[in-house]
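In what comes next, chain A is part of two complexes: it sits with chain B in the first one and with chain C in the second one.
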Partner chain A sequence: MTTFIALLRDYTFQTVALGSALLGLISGVMGSFAVLRKQSLLGDGVSHSALPGVVMAFILLGNKNTEILLLGALVSGLLATFFIISIVRNSRVKFDSALALVMSVFFGLGLVLLTYVQKIPNSNQAGLNRFIFGQAATLLKRDIMLMAICGSVLLALILLFWKEFKLFTFDSDFAQSLGFSTKKLNLMLSFMIVVAIIIGLQTVGVILMSAMLISPAVAARQWTNKLWVMVLLSSIFGAASGVVGTAASSMVSKLPTGPAIVVCISTIVMVSVLFAPGRGILHRLYRRKRNKLLFKMEGGAPNVPSA
Partner chain B sequence: MSPQLEIQLIAVIVAVACALPGVFLVLRRMSMMSDSITHTILLGIVLGFFVTHDLSSPLLIVGAALMGVVTVWLTEMLSRTRLLAEDAAIGIVFPLLFSIAIILISRFAGSIHLDTDSVLLGELAFAPFDRMVIGGVDIGAKSIYITGVLLLINLTAIIIFFKELKVATFDPMLAAVLGFTPALVHYGLMTLVSLTAVGAFQAVGSILVVAFMVGPPVTAYLLTDDLKQMLLLSGLLGAVNGILGYQTAALLDVSIAGSMAVVTGIVFLLVFIFAPHRGLVSSLLRKRNQRIQFAKINLLLHLHNHEGTDEEASESGINDIQTHLRWDTVFTKNILERLREENCIRFDDGVVKLTDQGRKTSVDNYKIFFSEF
Partner chain C sequence: MNNNATSYAVEVEDLTVAYDMKPVLWDIDLKIPKGKLMAVVGPNGAGKTTLIKAMLGLLTPVSGAVHFTNESEDLRAFKNRIGYVPQSGSVDWDFPATVQDVVLMGCYGKLGWVKRPRKADMALAQQMLKKVGMLEYATRQISQLSGGQQQRVFLARALVQEADVYFMDEPFKGVDAQTEKAIVLLLKELKENGKTVVVVHHDLQTVADYFDWVTLINLCVVASGPVNEVFHEENLKKTYRSTGGLLRSVV
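Moving on, here comes the complex of A and B:
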């Protein structure tokens, strides 16, 4: 317990935990919309595709400022999204194939650029690798500021366009018939999801980022049928697992932060899927059993073949 | 054999071995499952290592392949609860298993010569250093034999179970009625995919395995409608991508696997744009032709409708047509020009008139569209 209290006073821990919590909060909110729109895996695609952008930004600008690298990531993430959407729209290739192809090709390009950078003499490229696996420990105060600013803008936009996004997510045809531009809403929401992914890259890396987007939302979905409750729960789950994951990795030696956060949020998912009232697996089993009993009590045939 | 030749040989074998099962993944809309499997085999390898304490043990491959199947099973179990969508299930299962693998590696990094970089990214350039020595004789790089066996397994499995795979892919209901258990075919295929991913990751890294599994089949999918041709084409494209990728990498001195993936992407892009029938260019051309065709029919019907009536002058005047049909000036001019060249209309004092030929075409069109078949 004393170590835990000491940990809470530790400056590095405070920074990293704040960063992870912010990340969990933002991705929890944006992830709700991604999951409800059945675009869960877009996060996986975008985060893998961000790699060439990171390296390209470094090659072109020779600068390792997080803002610049993330800007590169944003550009290549958006480019990949554009490719995926236009392949699906203009050919018979399905969404999943287009996603897998674009994502792995972009990642390959990232590797090519990375090996290219390594051969430039005197280029201080060390640290670009951290975007593959993420290194929460390298989070600086200015990174947190960046996350906070982006996060506030995203949250403000969500609040501002709450009605539109809600309508569009659940019934885009109806939204269109009411005169909202679904094209613009789609573009805006996708853009916001991409931004949320990009700002999480530094903490959990390109591979695990998709879990940060999907898991809090899926867990929250089990507890409620209301969008605002889901978004709220999702952000709480995300933020909580960010803090718990960081604390676990600080207290246990050689426990990387990103994976710890992912394990934490996955546990929340499992608990939710099993125990959530109404939808959860246990509750469903219980209901089935009770129905059988009721049926029997009302004089139904005792041996009902189970479907 | 020179190292360069050996690397290219391995690249070609890996690319072909990945492309074959990839065809079925693409057709069954399970491409993202390959992404999932290629990540989770890491956990299989790590667990296998804890059991055997030997990185070159074949048990590692078995463990990894099993883990691939477990991944598929877990994902399907989760999505069968219908509490979450299938893509969300994929996105939850593989990061979890992958995270556990990374945590295990980091915790016990001191005792394992296994770093996540080499599994995820791979390096083909080092493949020739690992020799296969039998009875003191060097008979080539080890990877050639590993990937060769893999290719052989894939080829044999696909040739033997071609009929089953085909039916289960295109019509699972029919397959079930005919007595082929689609679930068995499904898990068989997934085992094959896991095995391939395991065999290939050492050479090209697990993330790029996805590019080789999905890239060539998707490209071939735009070129043919025949399953056998698609398999052949995928294999061929895979091999071409492998060689071109290696040459590019050698030229620029960059990651071989990465450049193979990039070449895969470029080849796809070229086919996507220029493929006959299904390419971007030909489909845009087709759409344009259809638009013109429809406009011609439309105009002829319009003229025929108003022919000889009182309002003919106001309906069929050269300048009235575009307002009535809501076309723009350039398009209207284009259509009128085309119809006049085909001898269907003539201009008479600012009014467009049908010729006999035009009247006949219009009536024929009308019959095609509105008569009962």
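Moving on, here comes the complex of A and C:
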């Protein structure tokens, strides 16, 4: 217990926990929309495709600042999204194939570039490896500031255009028939999802980032039938697993933070899928059993006149 | 009412729409008079849904134009006078929303960007839900609705739009006989209030009962006019071509 209290007072822990919580909160909110738009996989594609951008930014600008590297990630993530969309639009290749294709090419390119950087003398890898699996311990105060600023802008936009995003996510044709520009809405929402992915890269890495985007939303969907409750729950799940994952990795030696956070959110997903009332698997089994029993007890004579 | 050019609610001029290379609609010229209840009839793949989507501006045509009366106003004001009932299969009904939420979406166009629905909008939504007989389902999750109920929710949403011209894509699909009758009564009420209603319809036997105007299409417009003038076997044969023989018993 004393170690736990000591941990809470630790400055590094505070910084990392705050960062992870912010990341969970933002990806929880944006992930809800990604999941409802059936773009969960796109998140995976964008995060993997961010890797060459990170390395290229370092090679071209020779700068290790997180903002610069993340800017590179943003550019290559958007470029990958653009490729995927144009392949689907201009050929007979389906979305999932286009996604897998672009994602693996970008990720492969990222690894090649990373090996190249390793060979540059004095570069000491520049700590770029942290973007593969994430390294929350490298979070600095200024990184947190960056996340907080991006997060506030995203949340403000969601609150402002709540009605439009809801309508567009549910029925985009109807939104357009009402005179809303679906092009603008689509662009805005996709861009916001990409930003949410990019700011989480340093903490959980390109491979696990899609879990941070999708899991909180999937778990939250199990518990509610209202969009705003889903988004709220999703952000709470994300933030909570960020803090718990960080605490776990601080108390257990050699437990990496990013994967710990992902394990934590995955546990929440499993519990939600099994136990949530209404949509949960166990509740459904119970309902079926009860109906069977009721039917038996009532005598099983269906009140239907025979022809 | 003057009987000049202004008595048309919608005028379609030389409209051609193509997906990929193949034209789906070819050189459509169509005038829909105000205050009519019009059926759009044609075989599968004739371009009925495409025609409606093109008139709503959801598709960019290869050529041609669609004119509404008094469309000189700004885009928003003129879109607000057009109601749309899409096919109920076009959305994911597992979306986390209640019946009331979906019906309220009908007033989003009037509200414009950012503004939220108010009490008056809620009341309007309730009123329209009552009209389609779904008031007791207002707080129900939309994933729990049957096909016919989904259709009625979309209808209520369009009624909330309080438009002048309505476009409905197969509102009778998957609907039982009783609901169909209720919907037809609603359509006739809309017509009596001076609204123009365009309905994609499949059941040839009920066209004469439900509608007073009909457009037969198969890639191009085969015929368009009052039901008792253009809805006869010869035109139907032209519309359905190969399947024409099967339909003789119908008309």
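Here, the second predicted complex is superposed on the first by the 294 of 307 C-alpha atoms of A that agree within 3 Å, B and C clash if a C-alpha of one lies under 4 Å from a C-alpha of the other, contacts with A are read in each partner's own complex, and residues count from 1 in each chain.
Definition applied: contacts are C-beta pairs under 8 Å (C-beta built on N, C-alpha and C of every residue); 3 or more make two chains touch, one makes a residue touch a chain.
Keep in mind that this is a model prediction, so the values were computed, not measured.
Contact with chain C, but none with chain B, is seen for A:M230 once the two complexes are overlaid on the shared chain. Applying the stated contact rule after C-alpha superposition, one finds that A:S91 touches chain B and leaves chain C untouched.
When the two complexes are overlaid on their common chain A, residue A:V218 makes contact with chain B while staying clear of chain C. When both complexes are overlaid on chain A, the residue A:F133 reaches chain B alone and has no touch with chain C.
Within the superposed three-chain model, A:P277 lies out of touch with both chain B and chain C [touch as defined at top].
With both structures placed on the common chain, the touch criterion links A:H48 to chain B but leaves chain C unconnected.
In the superposed model, A:L109 lies in contact with chain B only, and not with chain C. Looking at the shared chain after the overlay, A:V262 reaches chain B, while chain C stays out of its contact range. Residues 38, 221 of chain A are contacted both by chain B in one complex and by chain C in the other. Those residues of chain A that touch chain C in the complex are listed here as 36, 38, 160-164, 166-167, 169-171, 173-180, 221, 224-227, 229-230. The part of chain C that touches chain A in the complex is made up of residues 53, 56-58, 75-76, 79-80, 82, 84, 86, 90-92, 95-98, 101-102, 105, 108-109, 111, 113-117, 141, 143, 157, 161. Partner chain A is touched in their complex by these residues of chain B: 26, 29-32, 34-35, 39, 78, 81, 83-85, 87-88, 90-92, 95-96, 98-100, 102-103, 106-107, 109, 116-117, 120-121, 205, 207-208, 210-211, 213-215, 217-218, 221-222, 249, 252-255, 257-262, 264-265, 268, 272, 278, 280, 283.
Per the touch definition, chain A reaches chain B in the complex via residues 35, 38-41, 43-44, 48, 87, 90-94, 96-116, 119, 129, 132-133, 207-208, 210-211, 213-215, 218, 221-222, 254-256, 258-260, 262-263, 266, 269, 273, 279-281.
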